[in-house]
Structures are given as C-alpha cells and as structure tokens.
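What follows are several structures.
Shared chain: subunit A. Partners: subunit B in the first complex, subunit C in the second.
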Partner chain A sequence: MKMKFATAVAAAMSLAAPAMADLVIPNLSYRTGPFAAGGIPYADGFNDYFTLLNERDGGIGGEKVQVPECETAYNTEKGVECYEATKGLGALVYNPLSTGITYQLIPKVSQDGITLYTPGYGRTSAANGAIFEWVFNYPANYWDGASVAVKYLLEQNGGDLKGKKIALLYHNSAYGKEPIRTLESLAAKHGYELTQMPIDTPGQEQKSQWLQVRREKPDYVIFWGWGVMNQVAIQEAVNIKFPMENFIGVWWSGSENDVLPAGDGANGYKSLAMHGTGMDYPVYADMQKYVVDAGKASGAGDQVGSVLYSRGMYAAMVISEAVRKAQELAGTSAVNAAQVRDGFEALEITEERMAEIGLPNFGQPFAASCTDHGGPGAAMIQQWDAAAKEWNLVTGFIAPDDEVLDPLVAEDSAAFAAENKITPRCN
Partner chain B sequence: MFYREAGDFKTSYRQDSQTFPIRFDRWRFYAVLALAFGVIPFVINDYWANSVFVPFLIYAIAAIGLNILTGYAGQVSLGTGGFMAVGAYACYKLMTSFPEVSILIHVLLAGGVTAAVGVLFGLPSLRIKGFYLAVATLAAQFFLVWLFNKVPWFYNFSASGQITAPDRTVLGYFVTGAQTSATAKYLVCLVFLVLVALIARNLTRGTVGRKWMAIRDMDIAAEIIGVNPLTTKLTAFAVSSFFIGIAGALFFAVYLGAAEVGEAFGIQKSFLILFMVIIGGLGSIFGSFAGAAFLVLLPVLLKNLLVGTLGWPTDLAAHIELMIVGGLIVVFLIAEPHGLAQLWRLAKEKLRLWPFPH
Partner chain C sequence: MPEQLLYAMEVTLNGLMAGVMYSLVALGFVLIFKASGIFNYAQGVLALFAALTLVGLQNGQIPFAHLINAALGTNLHSFGWKLPVLVAIALTALVMVGLAILIEKLVLKHLVNQAPIILFMATIGLAYFLEGLGDVMWGADIKKLDVGLPQGISETVESVTDSIFGYGFFIDNLDIVATVVAVLLVASLTIFSQYSKQGRALRAVADDHQAALSVGISLRFIWVLVWSIAGFVALVAGIMWGTKSGVQFSLSLIALKALPVLMLGGFTSIPGAIVGGLIIGVGEKLFEFSVGPMIGGATENWFAYMLALIFLVFRPQGLFGEKIIERV
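Entry: the complex of A and B
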C-alpha cells in the first residue's frame, strides 16, 4: 500500500517541478483555516505588487519575478513542507507571515543560505544582524510595537502611568508571547500593573478572558491577536461595553476584516500601524491599469487598498528594492540568494525612493547595516471610524523606547548565539 | 501459486511460530527492509525526507503506540497529542540538561517518562470505560498542553515559549538541528520505527498481547479466567505511551526542530492519530503503517497533483483536498469498517487460492 502511494507521489512530483530561470520569491500564504481572514489580503497584496513589476517594468532589472504560492494554513508542519518544496526552485527570500513558521525556518535558512524577511513579525531579536546573519525584520518588530503602544498611553496620561492597570490579551503562542518581556520591563520603568491573559489558538472562545476583564477593570487592554481571534475579541469587547478607545491592538489586529463584523460597536477601536493605508497613493493607478483591469489580480481581487493588502504590498516592495540593490552591488541582474542577502543588508529606503515608487510617505525611511536588521521601529496609531468604515491615523510616527529595547534584544540574541555557538559578525 | 503455506515445511517450533509463516511474505519483508535501509538513504533529498518519509515514519510509531492501547487493549484514548508533548518536552529537558549524553538515549528516556505519565493517566481506566475513558484522556490532553504552556521551567524560560532542539550528533553525524542531512533524519526515525514495530509485533503475539486482547473482548470474562485488569490495563498504557513518547521526541527533535505545544501537540494531533489507527485497522501493526501512510502521504500527493500539476489556486486545492481525504475516509469506513489492514488480509486470502479459486 505505502509503496503504491510512494510511486504515485513520485509521479506527481516529477511533473510538479518546472524549470525556472527567473527570480523566484515564494509566497508561503494561507488562504484557508482560522487565520485566512488575515492571510488572504496579505497574499494578494504580495502577489499583485510583483505582478505589477512584471507587467509594467518587465520584472526587476529586466529579470521576471516568479512567485510560486504554497498554502501553509498557518501551520508549522505545512510551512516546513512548503519551504522544502519551494527552496529547490532557487528561492531567494522567504516571507512566511507566521511567527511559528519563522522560528522553524531561522535555523534552516541560516544553514541553506536563504534570506528570511519578517516585517513586523517573527523573532524580535533577529534585529541584531551581528548574530542573525540571514534574518531581517525591519522596519519594525513586536517589541517596538509594545513600546510604541505604551508610549502612546504615556502621552495620553500626561507622561505618568503609575497605578494604571494594563491587560495584555494575547494569542497563546510564540507570536502572542513575544511582547511580554518588553511590557514587563516597561512596567518596571513606568510603574503600571500588567495582567496577562492568554487565549488559546484559534481564539474563537474568549468568554472567560473577557469575564476577567470585567472583573479586574483594567484601564487599557493591549491586544496581540490574529485571524478569527481579532473579530471575536472586538465583538466581546463591544458586548461587555469596554471603552473601545482604551482597546489597542498590534498592527496584526487592525484590519477592516477585524472590525467590520462588530458594526457600529467597534467605533473608536485603535491599533498600531507601521505604514499608511487606503487608496490615496499613485501606485494604485498603475495597479489598476496593469493588474486589476488586465484581470491578473491575485485571489478574488476584492482586497485592493485594505490594511493587510497594503502590508503585503509593502513587504513585496521592500523585497523588490532589496533585490534591486543586490543587482546593483553584484553587477548582474540574475542574482543568487547570497547576493540578495547582501542587498537586504545594504538596503536604504528613502522618502524620495518611496515617492518614486508611487508610495509617498507610506512607510518610514530606514537604512539597514551589518548590525542593524531591525530598522527604526516607529509606528503610528490608527483609529476605526465605524460610520465611514475607514481607519484614520491619529498620531504620526512614534519612536520606540530603545533605552529599554536594546538591552533586551542584546540579551535574547546573545542567548541564541550561545545556544547555537554563533560568533557575532560585523567587527 | 507462489503465495501459499504448502511445501514450506517447518521443522522446529521456532520456525512454526515465526511472524511471517509464508515464504513469499518473508521475502517481501526482507525486500522492504533492504529497500528502506539500502536504497532510500542514498537517493533521499530534503524535500522527500521532510515532507514524506520522516513524518510518515514518526506518525507510524505514534500509530503503533495508540493501536496497542486502543486496538489491542480496547481503551479509547484522545490524549495522544498530550502524550507526544510529554515525550517532546522530556526530550528537550534531557537534551538541554545533559548535553553529553547521546540523543538516542534521551529519546528512549523521553519514552520512559511518557510511559510513567501514561500510567498515571491510565489509572482511571480501572474504573471507567468506553466514552467516559475517552473523556478522561481528553482531560489529559488539555491538562498537559496547559501545563507546558503555563510552567516556564518546561521551556527553559524562553521568551516565546518555544522549545528548540540543540544540535546533537550520533557517530559524528548531525541528527538534530539545521545541519542534519536528509539521510540522517530518515535513518534515525527508521531505526526507531523498525525496533518499535518488532517489539510491538512480538508483544502482541505473546502473553501480554493475549491479555490485552482478552480485556478488550470482554473484561469480566478475562478477569474470571485469571487476567489481572490492573496490570493488564496499566501495561497497555505504559507500552503505548512509551511508543508515543518516542514519536513525540522524534517529532520535536528530529522532524520539526522547534515546537510550540498548543500548535504541534494540540487536540487535532490526537484525532489525526486516532483516525490513522481507525482507517488503518484496529488491532493490526500493518494497519498502523497503512493508516499513517494514508493520512500523511495522501494530502501531500493531492497538493502536488492539484497545485503543482494542474495549477489550481492554492486555496481551492486546500479545500478540495480536505473534501477528498474526508470523502475517502467515509468511503473506506463504509466499504471496509475494519480498515486497510482488513483489505490486505482479504487480498492475502485471495492470493492463497490464486489462480484456482475453486
């Protein structure tokens, strides 16, 4: 029986591997499962941007970009399978959109010599390029996000959070646990009281956590959710009449899909934002012309301009700029994985470049270096307007508290280096 | 013609009671072993190891473990994921606490720890049966996952709650960590699987296995003829958990390299392995292999076929794949309620008579 399957698998595999000479940037996406609400728009934005480059400019530096898609369902086992299945195609960079899969892939990409780019998620201490040679997580990471949220609350309270109660409501996984260490350090510094409330995956059942919120009456709830868990949490907050303006989600908990189901009740909900959103950018004119109208949009094509679509597009934009930089450094357009890594490390995104691309003031400008793979880490706060059904930015970019974060990053990356016997680079 | 007992004379008790009494079966078994040890290690690559063979081998170990408990001893368990987690975390704690000891010994010890935990959660089986026992083991599943999330000591106080397997070698070859070759991963899992399968096969043919089956078929009758339910049920839990613990340790250390308890060892894992046992065939070692192969290989095959060959969108393929696998499970269970192992048994009966059935 098993031999029969094995031969059948062999037959399917030999058919499945196409010959490729282009730039291969796999999209490990998830369009199924409890996290699909977040995965679909992100994957569409990611694909569409590369389609735009292929259609309008003929690829990057004259090389077409191939974006083979592989479904992970936000599951680490399937993520590993997708990685193994696509790396043989000559993959240049991975962006798995899952902190769990990122943890799986960090040792593998370091061994195989492929870049892992995790904007706004993944392992925070990978910001230390001296230790994580192959991993990049600029422009911002979880600890930046946690710090920005606390800084915003400090501003709201005239610089003093003493005696305030802040609850962290989080997905009980590597993703949700990431900000705990930062929030604890910040609690020691600013004197607020931190309550932790884990929600088990996938997060459809949150009654007991919100009962705890009702009982303990925290002044603020900081929220680290993803997928279906976001919609449930916002609905539950509406149900217990928690003041929405005191409910702040991370950037993964602030898309249209999360707030729309709760209707008017969600009005005033806030979330972090690491880039702009909406259709007011010149790039969308080209996107409409070359991708949407040409019938080449990824998925159903109904996500254009949404928050997570913008984020997928942003990730694709940074990757394409890094590839461009790599081509410039290597002097050839057919770059390999190692050259792309050098491109990531030498990447500088300026205001002028973003304006040229058609995304003026979309994200923060940053420049990477050998030690700095994490970027400046600033983020904005956006607020949901339920009547107009749109997100409005209520602050500009707020810089994180590097005084607290830098030692944490150094400590965590040093622990990783000791575990894996890595000697720091960049000396 | 060639598949028959006739003409194969047994001249000793040892020969008479061997696992494969038919010569053709014996040769087939040696051929599979020769293929598994002599050919596959030389041709395997990362994709085949990580997507097909290593998960298949590890799930087969877990399925054999659960088959002993559910198939042979008749105790329904929904705690398999939790017990695999015990194996994984025990292996992790041992690996990080005693780095100089061989990983192979750690895997065995992790199995031992899981056996102890399994016996503990097996105690209620002396009083409760059937669905009620299933609920008690379900409690074990949730309790164990909660425990490994809640107590930071188990994950060495890491910030993310993840456990990551450090690099370990056997005879100078890496078997855990990123530098592990596909061959090394495959061989380690294969050696454990072969040992587990041989032990399980022989246990189930001997006194211990007969006691398990007696308890499964009618526990009161078994007690009357002198089978002690206490030791019988607890040995079933111990042996089963030992194997499942080994599977959990290999799953974490060799296959994934890093794991998060809620995601890698959640309730879905318990159901997946239970389905493997049911589809493969309760009370059959071959059934454990067949069930694991069915549920590990079929989704990979379908994915490659639908997305790779036919070029369907990934979301459509993922949904269709679920429907096909689910549909096949239903078809199999209607057509053959005793699982794939029964199909194999029928095929063998037919082969004996072939080509002159009358």
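Entry: the complex of A and C
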C-alpha cells in the first residue's frame, strides 16, 4: 500500500515538475478575486505566446518553455508564496503583474539570483541597473508614463501649460503614488497647478473625488487606477459630464474592461499605451493557427487581441528575446538564471526584429545596458471609440522628459542603495 | 449663500444617497442576523452571485460554458436570446430562493445548536464556494448590467438648485432610484414582518428560538424564508452597485461598506441599517470634504469605521440594536 502511495506521489510530482532541460518561466497570475478581470487577459497573452513558440518553433533555441502558473489573487502575501513555491523548479524570470508583489520580491530575487521583469509597473527607479542588478522594467515605467502624459498635454496646448489645472486621481497605494513626484517636478517646470485626489482601494465609491473635480473644474484629469476603480471613475466622469478627451489614464487604466461598462459615455476617453493595440499584426495569424485553432489557448481563449492580452503577450515576447540573447551569449540553449539576467542586460530589440516576430511598429525599439534597465520610456496615446468599441492610437511614440526623470531615478535608486548597502556597479 | 456652504449641502445630499447604497447591503446582514443570530459573511458574495446570475440570464449566457467546452470540445457561449429585464429579475429571484433551500439543506441543517462562531465560519466557507461557483458558472470578465436604470446627473435637481442658490447640485439619477427602492424595500419588509403569518413567525424565531419551536414554528422553514429574502435584498444591492461599476468580482467587497453601518445601526434593526447607512454616508463625505484635504485625503474607508467605533463606546449594541444582558 505504502509502495503504491509512493509511486502515485512520484507520478504526480513528475507531472507537476517541468523536465529538467526545459526553460521554466513561472506565471504569477490572478484569475480570481477583485482584480481577475485584468489578470485573466494578461495571463492568457503571456501563456499563449510561449505556447506559440513551443508549438511553432519547438520552444526557444530548441528548448521547450514550461510556464507553471500560480494564483496570487493580486495579493502580496500570496505572490510571495507563489515565488517561494516555484523558484525551486528552476525559475529563470518572474513577471508578477503587481507593484506590491514586486516591492516584496526585489530583495528576494537579488538574493536568489533570479531576474524580475516588470514592464510598465513595479519600482520605477529599478531602471537604474547600476543599483538594481536583477530587476528590469523596460520599455517604460510609471514616471515615463506621467511625463509622456504631460508632454502630450503640452502638445495640445501649444507648448504652454502655465495656469492650467491638472488633477491626479490615483489609487491610494504604492502603485498609485508612483507618479506624484514626477508630476510635482513637472509642475514646477511647466507652471501648471497640480491637485492630488487619492481614492482608497477598491474604489467602488468615488463620489467625494468627483464632486471635488466638479467644484474645482481642472482642465485635465490624469488617472492612475486599477480594477473596479477604473470602471467607476470613467462612469463618474460621464455622470458629471467631464469632457472625456481631457481625461487620460495610465496604461493600466486603458483596457476594454475599463470603458465598456460606461457604454457610449466613455467615448473619447484617452489612455497611455506602451504598445500597439488591435489584431492587425501578423503574429495573430500564427496565434490563431498554432494556439487557438489547435485548442491550446490559455483560459477560455476569448481574450485574444484585447489590450491586456497584448500586454501579456508583449511581456512574454521580451522575455523570450532575452532568453534567446542569453543562449547566444552563453553558447548553450539550456541557460540558467544568471545567464538569462545577462541576456536581459544585453538585449536589443530593433524594429526589424519586431517585424520578424510579427509585431511591426507594436513596441518601441530599445537596447538595454548595464546601467539602463528601463529603456527609452516612450508611450503613445490611445482614444476609445465607443461606437466601434475599439481603441485608436492618436499619437506616435512620445519620449519622456529625461531631463526631469533622470535625476529622480538617480536620487531614488541611490537612497535604495544606501539603505541596502549596495555598491553601484557598471563602473 | 457662501460657496463653501453650498458645497457642504451638496456633499451632504450625496452622502445621504451613498448611505442608502450602503444600507441596501447592510439590510441583508440584518435580516439573517435577526432571524438566526448568524453573521452572514457571504452577504457581499450573495450580491455578486445574484448580479452575475441576472446578467447571465438576461444575456442568454450558457452557465458553465467554459467547462462544457473544455470537456466536450464544443464552442458554446450563448443560448441566443435576450430575456426581458423583469423576467430575468424574477428568474434570478427564483435562483436565490433555490440557493436558500440548498444552503439550509446542505449547511445550516447540519449545524443546528452549534455555537454562533461555527455558523459564522460556515458562512465564510459559503462565501468562498459561491465566489468560485459564480466564476465557473458565468466567467470572471466584467459584465455590463443594464436593467434600464437611469444614470448621470439629475437635470431637474441641478436646475432647481441652480434657480434657488445660483449653484446647481449634482445628484446621480441612480442614487435617486436607489433611495426610492430602499424606501419601498423597507416598507415591504416592515409590512411583511408585521402583518403576515410568516412574518410574525420570523419575528417569533428572532425573539426566542426555543419558544418559537414549542408553538410549532418550523425553524428550517424560517431559515429558508429569511435566506431567500436576504438573497432578494442581495439581488437589489447587486443591481444598484453592478449598474454603477459593471458586474465583477470586486462587487463582493461592498460588504466592507456595510460593516460600519451595522456596527452603528445595530445588527438586529432594519431601521438601524437605514439610519446607520445615512449617518455613515453623510459623516464620511463631510469629513472627506472638510478635513480630507488637510490630511492627504482618502479618509472615507477608515473614517466610517472610526465613526462606528465612537458610537460603540456609548451604545455597544448600536443605535437601534437590542441590549443583550447576560447574567453569570
């Protein structure tokens, strides 16, 4: 009996654990809980891209990719548990899609020697590779986003924001507070008046904040929300008849989920976009053939092409390119975590490469380096067309104001280094 | 009239309306606690489950479609019909009655005479189960709930207040509807409990289980009845909150807004749930308006609990709760 039990356990474990030669890239996802609606499409896009590589190309450099999924429910403690539970599988890189989890994992990955990749979220100053050896957040981070939003408003106002009133409506958390310093510094530079309006999580009740918007009549509202906060904010903006074209969300407040519940009222709402949108990219033909039609799509398979699906897919694509680079540098396909980190640091994604992958003009080209883990930080502006139920890009990539951002990144990362007794590298 | 005073009046009115929305959730807690002494942790999830079911039925969505498709290799999603709103609401109410029967048969029946903490723990389990069931049945995507309720600024209120004060107040049409519905709901519940046979039985059980049993009242029937009513109240709350934000899994968190209302109004009083909601709504909105800007804002969540705790110092049973004296 004992023998049978041991055999059963061994069989179960052999199914659960990836084969030793596989590349293991855990997916710390959230398909349950209050933030599931955002977590599901992202997780599906992430999984499907690796499925595509496995099915079409036989993996990366001939090595199959295993993507063990662990449910975090967007809960920081559960996220850390997921990390601890999966790192022993030979994890090469983590992408937890949560700023809270990212903050907890930074010291852990640095200790364990595993790359943490946080595109468009996480700790902004991790862009400084001299301090944050194991963390990468290219192609853009929160401060880039805030700066791009202000640059766009400058363009809209003939280069002058003096006397304009901008309200920042934000998720009252580490995530939501990220753009404050940037927007304050930019206010000092451009002369606009900044009003801060925090909203407590989850954000189902925002009447106070929107009454304040109605009273103070800001010219623009910049919005840093996530989850139900997004849908409620857009509905409340419609309710008070705030001009939607003057309401700009960060890229985490710009998915179909956020605007559809408000119906026609959401027409004209804008958000930042760090990648293209829609299904007009050649990669989707392969995705349909090798993944969706083959019945291998992640989840219900109904998220393909949505904004957050595209973002998950984009993150997976960057990771796969970093692994490819690591294989090239190491001269072996079976790379380890340290070699993958080197791949991330030496990664260069050109427009030609993006076109080869089937994503022409989808994301900005970038080249990482020892000091630059943050990329160029450019983003576009997309606008919601409620009648057609689609996002349309209304600008090309707008570069952030590095003159303001670089000193902020240097200051914040230096403080982290001093606190954690880290000697800057890359000298 | 000074501008700040007008703003304060507008904030107060909106606070009253928000309070009504909180009360709608709190009512479900009160009904179950009053009749059975159970603090129903699953009340927020009941509202979510009811709203999910309503949208699913209305849109002709096939329940468990994802599972069916995975098991049979099909590609089913919809029955292809759109049910009229009232029919969908009636069917959802029936589903909530069915759920109440199942809860009584599968959970509560087996826990008769157990300590309240055991029953409370059972409702925690129920909350997790229902949340998972809702996910598997209807999917976790955000669903637009459209039962024809108006949303957006009330032009009438705006123009009337503008003509009186020279400043048009903002009141959301949805909040006005919620207020009317809450008044009707409380009136119906009061009439039901005062004048119907079942209502009197419910009150008898609430007063004394043993005495009610001794005169032949079926405790099991009363539990089914009260969970059905709480399910209907959850449906109403789910419709109001779901219209506001779309139906999504964070809807279950509206229970957090009901807790301070219950602490303040008392766990056993229907009027207490209403008055408590109004006090919390007005209190948190006025505090955010007057003090919030000085201390960084986002005060509403914690202020509601602080206000409830202050009341508890003076009236531990809440404003309208029953004073329970236990002698050693």
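Just so it is clear, the second predicted complex is superposed on the first by the 406 of 427 C-alpha atoms of A that agree within 3 Å, B and C clash if a C-alpha of one lies under 4 Å from a C-alpha of the other, contacts with A are read in each partner's own complex, and residues count from 1 in each chain.
As a working rule, contacts are C-beta pairs under 8 Å (C-beta built on N, C-alpha and C of every residue); 3 or more make two chains touch, one makes a residue touch a chain.
Quick caveat: nothing in here was measured; it's all calculated off a predicted structure.
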{"item": "Which of subunit B and subunit C A:295 touches, first, second, both or neither", "value": "second"}
{"item": "Larger contact residue set on subunit A - subunit B or subunit C", "value": "B"}
{"item": "Partner chain in contact with A:200 - subunit B first, subunit C second, else both or neither", "value": "both"}
{"item": "Which of subunit B and subunit C A:231 touches, first, second, both or neither", "value": "second"}
{"item": "First (subunit B), second (subunit C), both or neither touched by A:31", "value": "both"}
{"item": "Partner chain(s) touched by A:260 [first = subunit B, second = subunit C, both, neither]", "value": "second"}
{"item": "Partner chain(s) touched by A:333 [first = subunit B, second = subunit C, both, neither]", "value": "neither"}
{"item": "First (subunit B), second (subunit C), both or neither touched by A:157", "value": "neither"}
{"item": "Which of subunit B and subunit C A:240 touches, first, second, both or neither", "value": "second"}
{"item": "Touched partner set for A:70, first subunit B, second subunit C, both or neither", "value": "first"}
{"item": "Shared subunit A surface residues [contacts with subunit B and with subunit C]", "value": "31-32, 36, 40, 172, 198, 200"}
{"item": "Partner subunit B, residues of subunit A touching it in the complex", "value": "1-3, 5-6, 8-9, 12-13, 15-17, 29, 31-32, 36, 40, 69-71, 73, 75-77, 80-81, 84-85, 87-88, 99-100, 103-104, 107-108, 110-111, 123, 172-174, 177-178, 180-181, 198, 200-201, 299, 412, 419-421"}
{"item": "Residues of subunit A defined as touching subunit C within the complex", "value": "31-37, 40, 172, 196-200, 202, 204-205, 207-208, 211-212, 214-215, 227-228, 231-232, 235, 238-241, 257, 260-261, 263, 265, 295, 300"}
{"item": "Partner subunit A, residues of subunit B touching it in the complex", "value": "32, 45-47, 50-52, 55-56, 149, 159-162, 164, 166-167, 177-179, 256-260, 262-264, 266, 289-290, 293-294, 297-298, 300-301, 303-305, 307-309, 313-315, 317-319, 340, 344"}
{"item": "Subunit A-touching residues of subunit C, taken from the complex the two chains share", "value": "7, 10-11, 14, 17-18, 21, 66, 69, 73, 131-132, 135, 139-142, 144, 146, 151-153, 170, 172, 241, 244-246, 248-254, 257, 284-285, 288-289, 292, 296-298, 300-301"}
